[in-house]
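Shared between the two complexes below is chain A, which has chain B as its partner in the first and chain C in the second.
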Partner chain A sequence: MKTTSGPWMATRASERALGRIGLYAALALAMFFAFFPIYWMLVTSLRPNSEVFAFPPSLLPQTLTLEHYANFIKNPQLLVYLGNSVLVATTTALVSLIISVYAAYSFSKFRYTGRRALMFLVLSAQMFPQALLLISLYLMFSELKMLDTYAVLVLSFTTFTLPLCIWMLKGYFDHIPTDLIEAAKIDGAGQMQIIHRILVPIVRPALVATGIFAFMRGWNDFIYALTLVGKSKQTLPPGLVLTYIGEFQSQWADMMAASLLVSLPLVIAFILFQRQIVSGLTAGAVKG
Partner chain B sequence: MSMERVSPIAPSTRGWQKRPGRLRDSQTAVLLVLPAAALLLAIIVYPLLNSMLIGFFDKSLIYGGGTFVGFKNLEAVLNNEFIPVLGNTLVFAIGATLLPFFIGFGASLILNGPIPARGFLRGAFLLPWLVPSVIASFLWLWIFNANYGVLNGFLRSLGVISQNNSWLSTGGSAMLAVLLAKTWQTFPWIAVMLLAGLQTIPADQMESAAIDGANRWNRFTHVTLPHLRNVIGIVLLLSLIWNFQHFETIYVMTQGGPAKATTTFSVAVYQTAFQAFDLGKAGALGILWMLLLSVVVIVYLRFGMRGEEDFS
Partner chain C sequence: MNAQQLTRPLIAAGLLMGTIACGGQAAAPPPAAATKAPAPPAAAAPAEFTFTGWAINEGASKEVVTGYMKAYGASKNAVIKEQPFPFGEELNQLVLQASGGSAQGAAQLDIAWLATMAATGKLKDLSAYAKDRGYTQAGLLSGQVKGVQYGLPWTTGSIGMAANKQLLDAAGVTSMPKTVAEFETALLKIKKSNPDVIPYAGMTAAAQLKDILFWIWTFGGTVIDNKGNVTLGDAGSVAALEWYKSLLDRGLMNKEMDRFTARQLFSQGKVAFYDDAIVMKGIVTKDSPVKNLGDLIVPVARPVLKEGDKPQALLWGHIVVVFEGKNADAAAQWAQFLTSDLATTTNYFEKLALPPTTDAALKADLVKKDSFTSDWSSKITATANANPFALYAASARMESILTERVNAYLVGSVPTAKAALDKAAADITPLLK
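Now for the complex of A and B:
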């Protein structure tokens, strides 16, 4: 793209037009990559098996049916998985948030020996391999006779939600001016009062965002729930794998309907809290 | 997270003790962090060290046991699966870092450009990232399905292939399939991170570069890239660390197969411990895995903490 020939403005304009075409082409390509798989999941979940098992597949469904969604609701085992997922992911998020608020405040507003080492631990804890941790967690919980309980799921999920929550909340507390805390102290407020009456109300939106991240991570866990508990306590990800990779192999349409249902809560949470989620994401240290 | 404020606790308040019976600040701080610290020690530090320690013992998940065998497990692992597993892990970790990086970078530039419905698209592009890993694996298993998969349909109608290909039953294409699934799921995260970086480039810097006659490419290499250096570093290192231990996509799509062609450290450790019940060997694999991983983690911690006064 040389600017030496022709009037400068004209070249700039044609460069801009060319750029615009290239941009739109790239956008179309990126949209195809990002959205076609989701479209395919939706279409597969809505067409009868006669169309699912036809080759070559037609891009548009000929008949629409909700039978695959009905199959999910009619399967009592899948509903057990769903209930477990809701229970465990919510509990994990709440427990992690409560413990993290105090730790994050301590990291953010105090200086003491051991603080630095602890913060390194929190930051690096998200990078330790789960499969390796799992070996000892399994042995430990087995010794404590805790295998196959909800508690074991909440505790094992905490290995990744707690560091995440502490780190995110610390980031938010860092933005709260220390003067505010000093002023409260002069007014005679104790540390607990400062946390409960001043800090928590201020960072409520941040708590919500952090809680959603923790919930998502719990909702998505696969390896711990696959291994530490049996069928009655299992959550959706391992439950669906056992169902559709094992028991009902190649029930692709049922699988896609279940897939959409499992993703839906996350999409709804995202639509409701898009701004907080995106800013939490870009603050770093949140697993992508 | 890199913003640092005025030193919160002035030296004079360090020994602050206004009323009898109230804790000093430093004691309070330690008490506040205690539950979290205790939990982290109990469910992360202890299990991690213990798992590696098991690598020096002969221990079975079913029969128990625990004879100290020194370096026997490590030797066995190094002589057998280590090299192929390391190879697969590197291919997966590097591929699942670079592919999403380039696609995500492209997407961030597009989403930063003058496109219609920009705000909406910026949100919508995060959809694949919202899908849980296990679900993304289901979806791509279906797309890659040999008999009814849409990929074979596409390629056959385009005339690229004349027969249905069973992508997941040959080593190379199975790895590619897993990489593609992972790329689809992660590129939005990279796009969002880089987009946040792009939005902090001052418009006048771009303008003045343009007026100086810099073309698109020169503006990209001389203004955009230097500005994004930190974000790019963080995104690449974090991706590498996470992909080095990623489990779900591989385990769900291929279970490490065919013929162990996609068996990475995470899959190998899991299968050795929970399907072959050989905890000693799994621990030995884990020791080697942690050694390699810690190199990248240390680089990240140094990089990520650079300029963070918090840690000084």
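Now for the complex of A and C:
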């Protein structure tokens, strides 16, 4: 037994070691792709301008400076863009959540004529190129005299967030036993009470995940925020490009510092709600 | 070339700009009251209109231009609202606004965008505002489409070649190359002298391959002939593209080179020759680790195929257009003031080194004494040609077709220059109508 198990055990151990090395190598590679751009943003934001385009480039800055972060804070227009982003993205998330909760509940728990067609109609909004929709939305909002308002941004962003929000929440509602709703009805609860007092607390992780998704859509959009509103109501993505990239300028270090700063709210939100986000995103994925 | 194309090359631009270098008496600044500008509206309520452009939000020009807006608004009872767009986005945004009927006021345009904007049918004819303001003929032509003056010229210059004299001296290149053969020899000397230096930072990134135009002209190609036929794929254009790729293959140029990168590398003393607009000096000297870089930059007349040929460059500049609609006259008066008021245009040159477009401003001491501008104007702008696609409404698409096909050849996905350019010609031809 000893003579046969020894080599077998050794082979098994070396296979495990090799597997582990392969796993770590794959993880290292994945981490490199995930984190190197962030690292490069960080070191670029900490270099003086004269070093940013040094050739050949160096992985570590020769001189450290916080001037690019100070430039962001000292620029009042960037703070206006930041405020607009917070307002528009938060409102988009709230509006998307409110509408999608009712729509998802309806699609999940009721059976009526045209339900499936309506569901796919909602989804079809995701299938049009957004740049194409921009032209028709612009003309429509122009006719309605709604251009250059916060409402026009919220409405546009909500158009694109609703389909996914509704389908994400529907997946979550599908997992809630109908018996629970029936029991509430027997206890005398109306539909609104069922939604607000029973279902919403249950689907809170999904609401967080969906809300973050809608928030990100409003936070990251460039072309709609550039086209539909003027400078005073523009959000950060067009604001940063307007401020740092032009015909004769490319202030990459300032841009990197600003990009890192403005990504902080999303990073903090992810850290605070990561458990809900993960459970919310995965809950609808597997049919129970 | 048709009549307009013959005039648009704007050889006169350089000749007029060349007067800067030729000396002579500076014209006395005309008093503002003596100008023949249409009178501002005599309404009690201020005229409100928008000024669109990238200059009102970009780097050094922001403070300067918004300062003009405020001062003009206060003195003329006007409220000028800012509408900035990033340079790369403005054309699309303005076309969309014009289509939606919301475009109004005045707007800064690159001269290459004018035909596209004119095709929207929303631009005001500014002929009355262009009269008696002393605009150069070259400048006026840059604002015309089919003989109609849609734009008032704000700055007229060119995209040409600049060199770092110190790197050339170090490589033993004692005189500026005049022919393509001499240019190649100079590049080889530079590469041999210092392998860390890029001999020629010609554009090789897809987005900026329109620079191939001036090499096509250099090799005898015409791009679009006088009958309005696309001639890409002719002997001149094929020879130019094959030669351009040979520079890349021999390591005399770098892959994926764009204007921003070329500027930065030139700024660090790592590039011997590259192509840029006349404003390049101020950009590359800012934050440069080479202390005296400003003294080392030399404008270079593009090398020609054989002695006696005309050095080629691409006309470049900005104009101001006005949209038809409410307060269009007030916006046109602002456009006229911005582009032709002597104090304003010379101040604009002083702050941003952008050449003015009126004879009076070009003769002003401040402009005449700027040796770099004079040198650039006489060596480069003097023989600059307009972008041949700029006459057509689909100019942006035409240009991108050319750059895509040229890039395909440079990266090796199309086997021959002839095949790449024939395909470009076939795709561009339907867009001429």
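Following the convention adopted for this analysis, the second predicted complex is superposed on the first by the 240 of 288 C-alpha atoms of A that agree within 3 Å, B and C clash if a C-alpha of one lies under 4 Å from a C-alpha of the other, contacts with A are read in each partner's own complex, and residues count from 1 in each chain.
What we mean here is this: a contact is a pair of C-beta atoms (placed from the backbone, for glycine too) under 8 Å apart; a residue touches a chain by one contact, two chains touch by 3 or more.
As the structure is a computational prediction, the values presented were derived from the model and not from experiment.
Just from the overlay, do chain B and chain C fit on chain A, or is there a clash?
Taken together on chain A, chain C would clash with chain B, as the superposition shows.
Touching A:L155 in the superposition: chain B (first), chain C (second), both, neither?
In the superposition, A:L155 touches chain B alone.
In the overlaid three-chain picture, which partner chain does A:G83 touch, first (chain B) or second (chain C), both, or neither?
neither
Which partner does A:I135 reach: the first (chain B), the second (chain C), both, or neither?
It touches chain B and chain C both.
With the two complexes superposed on chain A, say which partner A:L147 touches: chain B (first), chain C (second), both, or neither.
Second partner only.
Please work out whether A:V278 is in contact with chain B alone, chain C alone, both, or neither, and reply first, second, both or neither.
After superposition on chain A, A:V278 lies in contact with chain B alone.
Where does A:P205 make contact in the superposed view: on chain B (first), on chain C (second), on both, or on neither?
In the superposed model, A:P205 contacts neither chain B nor chain C.
Of the two partner chains, chain B (first) and chain C (second), which one does A:T227 touch, if any: first, second, both, or neither?
It touches chain B and chain C both.
On the A-aligned overlay, A:Q249 touches which partner chain: chain B = first, chain C = second, or both, or neither?
Once the two structures are laid over each other on A, A:Q249 reaches chain C alone.
Hey, is it chain B or chain C that touches more of chain A?
Between chain B and chain C, B touches the greater number of residues in chain A.
Touching A:A54, do we find chain B (first), chain C (second), both, or neither?
In the superposition, A:A54 contacts both chain B and chain C.
Please pick the stretch of chain C from 96-104, 276-284 or 384-392 that overlaps chain B when the two structures are superposed.
Residues of chain C that run into chain B: 96-104.
Can you list the residues of chain A that meet both chain B and chain C?
52-55, 134-135, 138-139, 227, 238, 241, 245
Please give the residue numbers of chain A that touch chain C in the complex, ascending.
49-50, 52-55, 134-135, 138-139, 142, 147, 226-227, 230-231, 238, 241-243, 245-251
What does chain A use to touch chain B in their complex?
It is residues 1, 3, 15, 19-20, 23-24, 26-27, 30-31, 33-35, 37-38, 40-41, 44, 52-57, 99-100, 102-103, 105-112, 114-116, 118-125, 127-140, 155-156, 158-159, 162-163, 166-167, 171, 174-175, 177-178, 181-182, 185, 190-191, 219-220, 222-223, 227, 237-238, 240-241, 244-245, 252, 255-256, 259, 262-263, 266-267, 270-271, 274, 278, 281-285, 287-288 of chain A that touch chain B.
Under the touch definition given earlier, write down the residues of chain C that touch chain A in their complex.
Against chain A, chain C makes touches at 54, 57-59, 81-89, 93, 96, 99-102, 260-261, 264-265, 267-268, 270, 277, 279, 283, 287-289.
Would you pull the chain B residues touching chain A in the complex into a rising list?
Contacts found on chain B: 1, 3-9, 13, 16, 22-23, 25-26, 28-30, 32-33, 35-37, 39-40, 43-48, 50-52, 54, 61, 103, 106-107, 110, 113-115, 121, 123-135, 138-140, 142-143, 145, 147-150, 152-153, 156-157, 164, 184, 186-190, 192-193, 196, 213, 215-216, 234, 238-239, 241-242, 244-245, 247-248, 251-252, 265-267, 269-270, 273-274, 279, 282-283, 286, 289-290, 293, 297, 300-301, 304, 310-311.
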